[in-house]
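One structure below.
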Amino acid sequence: MLEVTDLHVNYGAVNAVHGVSFAAAVGKITVVLGANGAGKSTSLRAVAGFHKPRSGSVVLDGETITGLPAHKVVRRGMALVPEGRKIFFPLSVEENLRIGGYTASRSKVEKTMGEVYDTFPILKDRRHSAAGLLSGGEQQMLAFGRALMSQPRLMLMDEPSMGLAPTMVETVMASVKGMVDKGIGILMVEQNADAALELADTVVVVTRGETVWTGTAAQARSDKKIVHAMLGEAALDDA
Amino acid sequence: MSTWYAMNVVLVQTTLTTLLLALSIQVPLRFGVFSFAGVGAFGIGGYGSAIAMVHLGWSTWPAVAFGAVVAGLVVFLLGLVVQRLTGLYMGMATIAFTLIVSVLAVNGGDLTGGAMGLYGALGEISVLQILLVVLLVVALLHLTELGGMGRRVDAVRDDPELANALGVDVVRYRQFSFLVSGLIGGLAGAITTLLRSTITPAEVNFHLVILALTAIVVGGSRSWVGALIGAVIFVWLPTWIGFLAEWERVAYGVIVAVAAIYLPLGVLGVAKDLWHRFRTREERARVAALAKES
Amino acid sequence: MQDVLNATTLGSIYLLFALGMALVWGTIGILNFAHGATFMFAAFIGHLVTARVELPLLGVIAVAVLVGALISVLTQLLAFQPILKRAKNRHAAELRILIAGIGVAAIPLAIAQRQTRSTPFGLRSSYSPQVYEVFGLRITTTAIIIIVLGLVIGIGMTLWLRRSRHGLALRALGVDAETSAGMGVNRTTLAFGTMAVAGGLAGLAGALLTLQLGAIAPETGDQLIIKAFAIIVLGGLGSMAGTVIGAYVLAGAETLVLVMNWGTWVDAVSFGLIFLILLARPQGLLGRKEVRRT
Amino acid sequence: MNRGRMRTNVLAGLAVAAVFTTAACGGNDGGDNGGASGDNGDGGIAETITIAQVQDQTGPVSYAGVGAKEGAELAIEEINEEGFLGDGVTIEMEELDTGGEIERAASEMNKAMADPNVSAIIGPTQSQQAATVAPLVGRGEVPTVFTQAGSEGVVVNDWTFRATPPMESYYEPALDYLEEQGAETVSVLYNATFPTFALLGEDDVPAMAEERGLEVVQSLAVQMTTQDFAGQSQQIARENPDAVVMLLIAPQSVTAMKQLGTAGYEGQVSATSVQAAGNIAAAGDAANGLIYPVPYSTAMEAEGSVAFTEAFEEKFGKDANPYNADGYDAMWWIARAIEASGDSSREGIREGLEQVASEGYSGAMGDVTFEGNDARVPGALVRWEDGAETLVQ
């Protein structure tokens, strides 16, 4: 159970965060919606340990982990799927997975890798080729697989649908669903509201660095016009 | 004044030629090209002018022009050959070029005077003349830092893809930077050589690359002003810290390292920062004064 | 045949020196120009120690390795780490790290020059090299040790980087430091570890080279650094196997020039070769190609 | 790169510097600028005479500059205590550091010349520094005595003098010795990027060898950056000449000596005075039997040499080396010049230096004679054996 309360982060001029709160739970999907530059990505990265928050708190399973550096956050069971996937292009697919399991013990790495290959058979087929040669969708699979390698209880996803063809988006969202079914919690930042709302249990809307609305997906769906209005033009175009 | 000047005239000249050398490295750097060919150009310019004077009997300024033009052309051609290279691979190729220039000078027989170098190329160059040359170079470079031209150069360096998309011919710009680097480096070499009448192969070496690079980074790498600051610092530093005697070089190392750590934009960055703060304070004071009056 | 053996020995010397530098540059992205000074100072401290106590071969090596590692870690702690902490991105840090390395290098150099007045210094050891003659080839035990250690460490490090968990983490750091941190890789700790290993290798190279050559001068490190730079770029940044090949290619080229007795053309031929190879393969022999489809 | 310098670029602004220097020094032979030396332009010796030593006090060649400084200090002590220049007349020395850099040498020379109190200068030791400042000295009209700086282009006008003979002028005894030992073939291994050795290795040694009927069977050129001599050593061992003439800088010499031994070469090796001052000591036993001609050695038996050797030992508690002898002889030459002309002005010292040169003197380097303003010494051939020099013959 992750609880983020009244987060303030200074990062650049556009991405400043002043007052973002949200929560995520195991087996559930929380989607943070917001226009480009609203500060949702910065918040997520602050939770993952890439930016130090100025104030506010990040509590994971009752323990305060505010400001914990990224390499320690992973060890607490939270894995980040970064924006733009950030695959290690020159490394092979399998090496990408192994680095994902850097914090796990040796025996578990092999086992988890088997599971990942079962989930994403395409990765097994191409495990020895350089990751940079994968297609965009395959790279997203690899990013998921890499994050899964640390056996997280919670996965933080930064715009997983970005830059993907619409059919690919569906595949990606389906695999997200699969992960939740296995009991992993998901905290997802998205601009693609429609695709995300299909899956979400809880929806958080962030505008200009602040949380302005929290509710269930059902509420958000029925209130679609309001949500869209808050997200601005960008979301409408995407939808 | 005149005594001080007489004692330090060599340092004044040194500052000006070091500035030229630093600029020959800085220009390509501002275009996003990691090229040290300027130091090779220094050697070509030096030997070119000395050969023109000693073997061809030319007078001072035609010899300087000859050295600079030859250096400019050679480095321009080099630029065409190595334009596919990026980053430090480019750096390595241009360092190789510089070292090869030095080896050619060693093996140049009577033309270059071999290991002993060329003697007796004593030109008639006054500080005022060097100053005029430097002013001309700096004025032309200043134009490339201003307005639209400045923004295009910044784009070529920071985001060549974007620059291309905006219709800036990145390749052409970078080739141009090689030509300019060669001309300025050649000028520095020619003036240096004719001032002191000799040039030897040992001078065209890696240490010169380090001097130029250190001067730019410590001074400030984005503007000719930074190169000037760097040249002043490294030429005069021994005079300022001479009292440290044997520990002078240790102090030099510490100063360079500390500058690299704490001055991300060089001394120029700090100066701009202070100036900005000063201006804001002045502004505030004036506003406060106005408020009081009213 | 003897020439091949000589080239192998020379290549192994270059390799021992270049490996540490290649490791830190290719993984944690630090181009450490103080590597040469680390190498020299480790040998110099070894010299001071052995002047008082005679040590066996392993003792001499241990002293040099420890000193090398210590200097390297101190450099990281006092110079590179603060720069990395302050820099906005890696690209901004690159040049400043280079300059800081140059500054740091000046300090041990000045101290050693002051103490020795730049006379060559050697190491005293109870070990005395034997000369073997096999099939008409002459080789000393020192040369055998250098060749074996060069190959073993070179290949060992290649395999370690390729196979081990930490090796993988280092390679990932070399590609994308931030994302690696997201995978649980502690960059700071690994950086210190890597710098310590590199410094240890510099110390090892310092001890072995001093034993092989009989003596080195404080300036010897400076001469090696440019060769190591060339070797790493030639082999391709980030590839240990490339560094191994690069070292032997450079040594082979230099030996060939000597066999032909073109002594004064050594630099021109070896750097000319590097120049040509870079033209043909802009990313070095085994450099990372930009593999990327989208 | 051994002569490494951080800032080689820059300049000696000869023309302009000279103009301003002359102006600033206000006609030092006219004698009315109030300087301690300048006011004696009409003859006479000042109470205090300042000599500037512009040499490498730091950097890669500091052994030469610091060595000369020690020698000069000893000379000054003797001159002042003896009252050599008359009662109460003292010589003072001001040290300026060239730090191994050409442009800094030019700059420091310029400062020394612009200082009206400086009567004479002991000039840079490195050939390239010296050649750069030599024309400057001519225009500034300050008598300058160089030590070392053995290349051409140094003694070029009336104001330039050299107290150390160029190496080729005292190298002959080495070849005489090789001839006496019955050598017929000789290999030359030389650093072709070091001016003095390039000259010696390419022209002088082959010529000297030919005169004596020695055949140069091999000539191996290396450069400043060459560190490993395994290949050259084996080439030499294969050719197996009767002798090797080795002209290398200090660290290269140590390596070459060791590797020649390793390669199985057992003939006689003849090196240069670079090996003096203990620079070959690091080669240990491998250097035993090495011969080299030196302008000065503690083993020399000439009267002046013995006196210097003992006095130096007493003052500094260590053996004197050729660089110490350089500074000592240079300073004494200047003192003798002042005494000879009875005039401590710059012009007076210049005249005195010429006068002393025409007569020669007996100094640390034995009986010194001159070719013009350039010293010539008998020199000595020494053999390195177990850490000490002994005279050959």
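Which chain is which? They are A, B, C and D, in the order written, and residues in each are numbered from 1.
The criterion applied here is as follows: contacts are C-beta pairs under 8 Å (C-beta built on N, C-alpha and C of every residue); 3 or more make two chains touch, one makes a residue touch a chain.
Treat the numbers as computed from the prediction; the structure is a model and nothing was measured.
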Relative to chain C, the most remote chain by C-alpha centroid is chain A
Across the interfaces A-C and B-D, which one involves more C-beta pairs in contact? B-D
State, to the nearest whole Å, the distance from the C-alpha centre of chain A to the C-alpha centre of chain B. 49
When centres are defined as mean Cα positions, the distance from chain A to chain D in whole Å is 74
Taking each chain's mean CA coordinate, chain A and chain C are separated, in whole Å, by 42
Hey, how far is the Cα centre of chain B from the one of chain D, in Å? 35
Using the touch rule from the top of the page, what residues of chain B touch 2 or more other chains? 106, 206, 210, 246, 248-249, 252
Which positions in chain D are in touch with at least two other chains? 1, 4, 58-59, 192-193, 223
Run through the chains and report each pair that touches. A-C, B-C, B-D, C-D
For the complex, give me every residue of chain C touching chain D. 2-3, 6, 9-10, 13, 110, 113-114, 117-122, 129, 131, 138, 140, 143, 212-220, 222-224, 255, 258-259, 261, 263-264, 266-267
Give the list of chain D residues in touch with chain C in this complex. 1-2, 4, 58-63, 66, 192-193, 219-223, 225-228, 230-232, 234-235, 250-251, 254-255, 257-259, 262-264, 277-279, 282-284, 286
Residues of chain D defined as touching chain B within the complex: 1, 3-17, 20-21, 23-24, 57-59, 97, 99, 102-104, 106-107, 110-111, 114-115, 127-128, 131-132, 135, 151-153, 192-195, 198-199, 223-224
Which of the residues in chain C come into contact with chain A in the complex? 165, 168-169, 171-172, 175-176, 178-187, 238, 288-294
Chain B partner, complex, touching residues on chain C are 31, 78-79, 82-83, 86-87, 92, 95-100, 102-107, 109-111, 113-114, 222, 226, 229-230, 233-234, 237, 264-268, 271-272, 274-275, 278-279, 282-284, 287
